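Just below sit the structures, each encoded as structure tokens.
Common to both upcoming complexes is subunit A, partnered first by subunit B, then by subunit C.
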Partner chain A sequence: MKAIRIIGKRLLLIPISVFALVTLCFALVQIIPGDPAITVAGSYASPQEIARVRTELGLDRPWHERYLAYVGGLLQGDLGRSLFTGRPITSELARRVPATLQLITLALLVSWILGLSLGVAGAYFRGSWPDRVTRGMITVLQSVPDFLLSLLLIFVLYFMWQLAPAPVGQLGLSSFTPGPTGFLLIDTLLRGDMATFLQALHHLMLPVLSLGIVYSAYLGRVGRSSMTKAMQSRQVEFARACGLPEWRVVQYAFLEARAPILTYTAILFGALVGGASITETIFAWQGVGQWGLESILKVDIPVIQGVILVSGMVSILVYLFLDVLVMLLDPRVRYE
Partner chain B sequence: MSERVLTQPGRRRSSAMPAIVRENAPVVLGLAFIVLFLAASFFAPLPYGPTTPDPLATSQPPSALHWFGTDANGFDVFSRTIAAAQRDIPLALAGTLASLVLGIVFGLLVSTKSRWSERAIRGLDVFQAFPLVIIGTAIVTLTGNRLESVVLAIVLLNVPRFMRLIRSEALALRESRFIEAARALGASPLRILWRHILPNVMGITLAQSSIAAAHSIIVIAALSFLGVGVSPPDPSWGLMIQEGARQMIVGDWWIVVFPGFAVLVTVAAFNLVADGLQAAADASQ
Partner chain C sequence: MLEVENVTTRFRSRRGVVHAVNGVSFRVGSSEIVGIVGESGCGKSATIRSVLGLIQPPGEIVGGRAVFDGTDLLAIPAGALRRLRGSEIGFVAQNPFGSLNPILSVAAQFHNLIVAHRGRLSRKQTRDMALQALQSVGISGPERVLDGYAHELSGGMAQRVVIGMATVLGPRLLVADEPTTALDMTIQRQILDLLQDLVRKRERSMILVTHDLGVVAQYCDRVVVMYAGKVIETGPTAQVFARPAHPYTQALLGSVPRRGEEIGILAGRVPSLIDYPPGCAFSNRCVHALDRCARIVPASRPVAGEDGWNVSCHLVSGDADPLSREEDVRAHRAG
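Our next item is the complex of A and B:
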């Protein structure tokens, strides 16, 4: 009962967060110094061009009117149109969001496996040589920018060993049209198209590896510190005193250490929606982050707002999911 | 006990410097590397001009003439990798310093258990939920692609981290006896913050600032990789990596690898300093 009340309270926070998010997206246009219409249209634009952009952005109306129009549009699922292609942002997002989510979910899976193995091993053998080795590896991984690793992997796995396909997007040349979910891996399986499924998986290999390896450093660090704490706890002492086998002891310690690890995973997931942008650009992934970057460089304001809105929404939902999950896993939170 | 008191000063006097170096080897090593790299970028004689291309020697692999090879425009990769430190490291340090100062001020301000400081932290949560690479790029692009904007982006990315760290440390300190004693003696809240809390969070804050510097190097590289905040042909590691990115699929690895390695080593050096400072802060607690 109490759990339901806490979840209810947590759900009440959602509208507030969404309101803050929407307001911030709206405010983005206001922070541009000078006349946004000129910034958007470029300094060589004709007066007519600038006037067109001004009406398109609604800059000829007072801000409260614009804000109401913006929120009204959002409520009807209308995110506006790109200033450059004129295409509606919603339909473009429907194509790009699954591409990004698929990529970062798999990348986080790789980080989990790699990072937590490093972290748990480091915590278990604290102070001896496996700890030093894993700590060194984490420090090195932490120092590698993701785009550098992407390029190195392209060189080694594509150019030298030809194990991976060229960085040409999710499928490269293919006649496959995504649908109904937009997630390529799911769509191909649903339609029983194994060849395209494998092709999609093959194209995922390099971006997933580079993001997964880089972000495993963070999970390794969190895993190490929370596991270290758990290994020194009373339960572990008690489990050992009971004569349980070591793998069981580690398992119990991991159960205790999982809350911060889950929290960190959620934060990474939220951050990666936009944070995978450079990797997406390198692999021509056509995801949300890449679109965000492209539109920023072109000052395509409605698109920037759309991208920030979507990644903010993903963060909000992931944090909600996380809070509920942590509460279900940890009875102490329920009875606080 | 008495033995320790007797022996310690003697040991300290006999080998003061080496002891400091020995105990803080990571800090000294990391700092030495950064200072040397910075000095080299400003004063070392470079074999070629970092901004003068040689159109007759484009995309050359590393050789005795061009140690790190040349890029597609005929720039010498070695000279540019060294010269880029001139811009990238000071920029990261400037950003970190600004974040440190602002982070300490705002961090101390929110380091109370009051209702509004809770709210400020919730506000930070919302802010940090945003895609920070995109925000950083947006800030720099929309405010006119200048170096100051890069510093501003770094500050916005790092100040929340400092605030959180200082707040969590300070909240723990507030429970301790000496704060209680200070309050009992009638010290004002401001005095408690300045004279009692600040000195005690300084160690861990310095460790965090070295992490922030490492992070800034990566952010600067990422921004200039995207062509944001740079003015070609002035060298910058991110820009060089971006220029070499297209060559990577045809196998010209050196254009990317050497500046990439410079980023990696610099970041590792800052992380090393951070590790050492962190260990020192832990030990003093």
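Our next item is the complex of A and C:
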């Protein structure tokens, strides 16, 4: 069957992408200008300290040896340790990745609902006033910086109206230790801890809204353009000519328009794994992006490598998943 | 059965208002096949889309009536017109591939169509109706087609499926907009024969839009000739073809293209539908044009006392035989 062949081809690309990603992460250390050991240890460091960092980074060995050691470590799940805290990066990521994934998944859900409503409404009412209104809203949303929106929401919803909790992370003060999945919403449900579940939801509210609203502009644009095209298609006219109700006509159009929307969602998801850093920082989320931002400021090279690696891996997997999904949803690809 | 009167439709475009349909009138009797012919862009599709309520912005119907069995389709609420489309009036479009939804199976599309008009029915019930419809349009393996998708069908098959969908609820009027232009020559005839069959056997009526005068001659009882958004001549096919009254119709028939060919004839150009000319739209290409042709819009007048044969031309006087027009012209030139 054609579908299996295409999926097979798509899977073959995975090792290549992963190899490229790993190599990029490794090359990062070499790209840093000057002596990375000095950059990392600081210009006031003693020669012993610089030597220690150099050994730590493995810079005293030839590059192919280091590369093999690096890949070998990765294969055993060892991403090294933070130069500053000395904690293993793998265990830190195990805590942070679920926090980020939970945040951006919900945020993209909000973007989908908000953005696609705007986009579909604009396409449906093309040329009349709802189109102009939604287009204006999308433009405004796209020009609002995410940090500004976060601060604004905190000010209004927390400070003024007390509708949301303070921006103090995923739970604030709580004795809940995540596990087994690391996703707070899932863990609390699994353990039947409704109070903590609601608390987690409550803390998710503001960061999810900030990210969701900002990124709804992108989905609104994509949704609007692909729906506009679909609404003008012959099949939509024929659906109308058959006397289908308007909601069904919109559904027919959406079926045709959804592929680019799904693809774009995958791209946004991949970008947000490491790219929600500002929102994460504002809400003390302790996620991947926040960590990446901090470690870039501190030149904590192994952490930067770890963050790039993990967001790259998530991107690769999400692209794969959505590619296959889009394909399976389309009979033109599914069958010969 | 259907009486179209003075329908006027415009499109707002960046370059100005496009006068696509300018006071079009014609009628379709019961059990009658009416052909609409004219060059590309003369407003054939816009006319039938107006009648069916399928004009989307920036298009706008600015006037006229389309009375179908006593109801003015242009005056009833959109919901009521929607319920007539598909059940009382079936539509067959030009491109059969484009007409079907690419993602849904044929069976699902039949189901959605049927429940939209007949309310809650089971998949089994709608499937049975669909099977019957597909058999009636001459599809031999209807089960397989139902479970398949648009892209798996050949052009002819896809158009049969579309016709099956247009007729599954037993409409009394079929509207076909160039139903065979996108198909192979060999299949064109099969599809037209099928449509004719579906119309004649069930005592339906049909509007058949086409470029092809041969098709009109063979299949249509009456013909509506359109030029620049206007009906310039309409009448029984036999009479119009034997003694065309309007110079444009004469020119068309004088250069009858072979089957399937575009009608593109005559010197000069079709007038712009944006800066619509004040008089007869054909006057700039008409070899017989009089002074007033470019200034005064000719009214539609019956030809030679024939019932239902009308022409809009200053050269044809209401009572005279169309052939006497030559004398008219000669007299004009002499005087």
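Here is the rule we use: the second predicted complex is superposed on the first by the 332 of 336 C-alpha atoms of A that agree within 3 Å, B and C clash if a C-alpha of one lies under 4 Å from a C-alpha of the other, contacts with A are read in each partner's own complex, and residues count from 1 in each chain.
Here is the rule we use: contacts are C-beta pairs under 8 Å (C-beta built on N, C-alpha and C of every residue); 3 or more make two chains touch, one makes a residue touch a chain.
Model, not experiment: these values are computed from the prediction.
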{"item": "When subunit B and subunit C are modelled together on subunit A, clash or fit", "value": "fit"}
{"item": "Which of subunit B and subunit C A:F26 touches, first, second, both or neither", "value": "neither"}
{"item": "Contacts of A:F176 with subunit B and subunit C, given as first, second, both or neither", "value": "neither"}
{"item": "Which of subunit B and subunit C A:F159 touches, first, second, both or neither", "value": "first"}
{"item": "First, second, both or neither for A:F84, with subunit B first and subunit C second", "value": "neither"}
{"item": "Greater residue coverage of subunit A in the superposed arrangement, subunit B or subunit C", "value": "B"}
{"item": "First (subunit B), second (subunit C), both or neither touched by A:Y67", "value": "neither"}
{"item": "Once both complexes are placed on the shared chain, angle at subunit A toward subunit B and subunit C, C-alpha, multiple of 10 degrees", "value": "70"}
{"item": "Subunit B versus subunit C as contact partner of A:L244, first or second or both or neither", "value": "second"}
{"item": "Subunit C versus subunit B - closest C-alpha approach in the superposed model, Å", "value": "7"}
{"item": "Doubly contacted residues of subunit A, that is, touched by subunit B and again by subunit C", "value": "none"}
{"item": "Touch list for subunit B against partner subunit A, complex", "value": "126, 129-135, 137-138, 141-144, 214, 218, 221-222, 225-228, 241, 244-245, 248-251, 253, 256-257, 260, 263-265, 267-268, 271-272, 275"}
{"item": "Subunit C contact footprint on subunit A (complex, rising order)", "value": "126-128, 232-235, 237-245, 248, 252, 255-256, 329-332, 335"}
{"item": "Subunit A to subunit B touching residues, read off their complex", "value": "17, 20-21, 24, 28, 31-33, 39, 139-140, 142-145, 147-148, 151-152, 154-155, 158-160, 166-167, 270-271, 273-275, 277-278, 281-282, 289, 292-293, 296-297, 299, 304, 307-308, 311-312, 315-316, 319"}
{"item": "In the complex with subunit A, residue positions of subunit C that touch it", "value": "52, 54, 56-58, 82-87, 91, 93, 95, 98-105, 112-113, 116-117, 149, 151-152, 162, 165-166"}
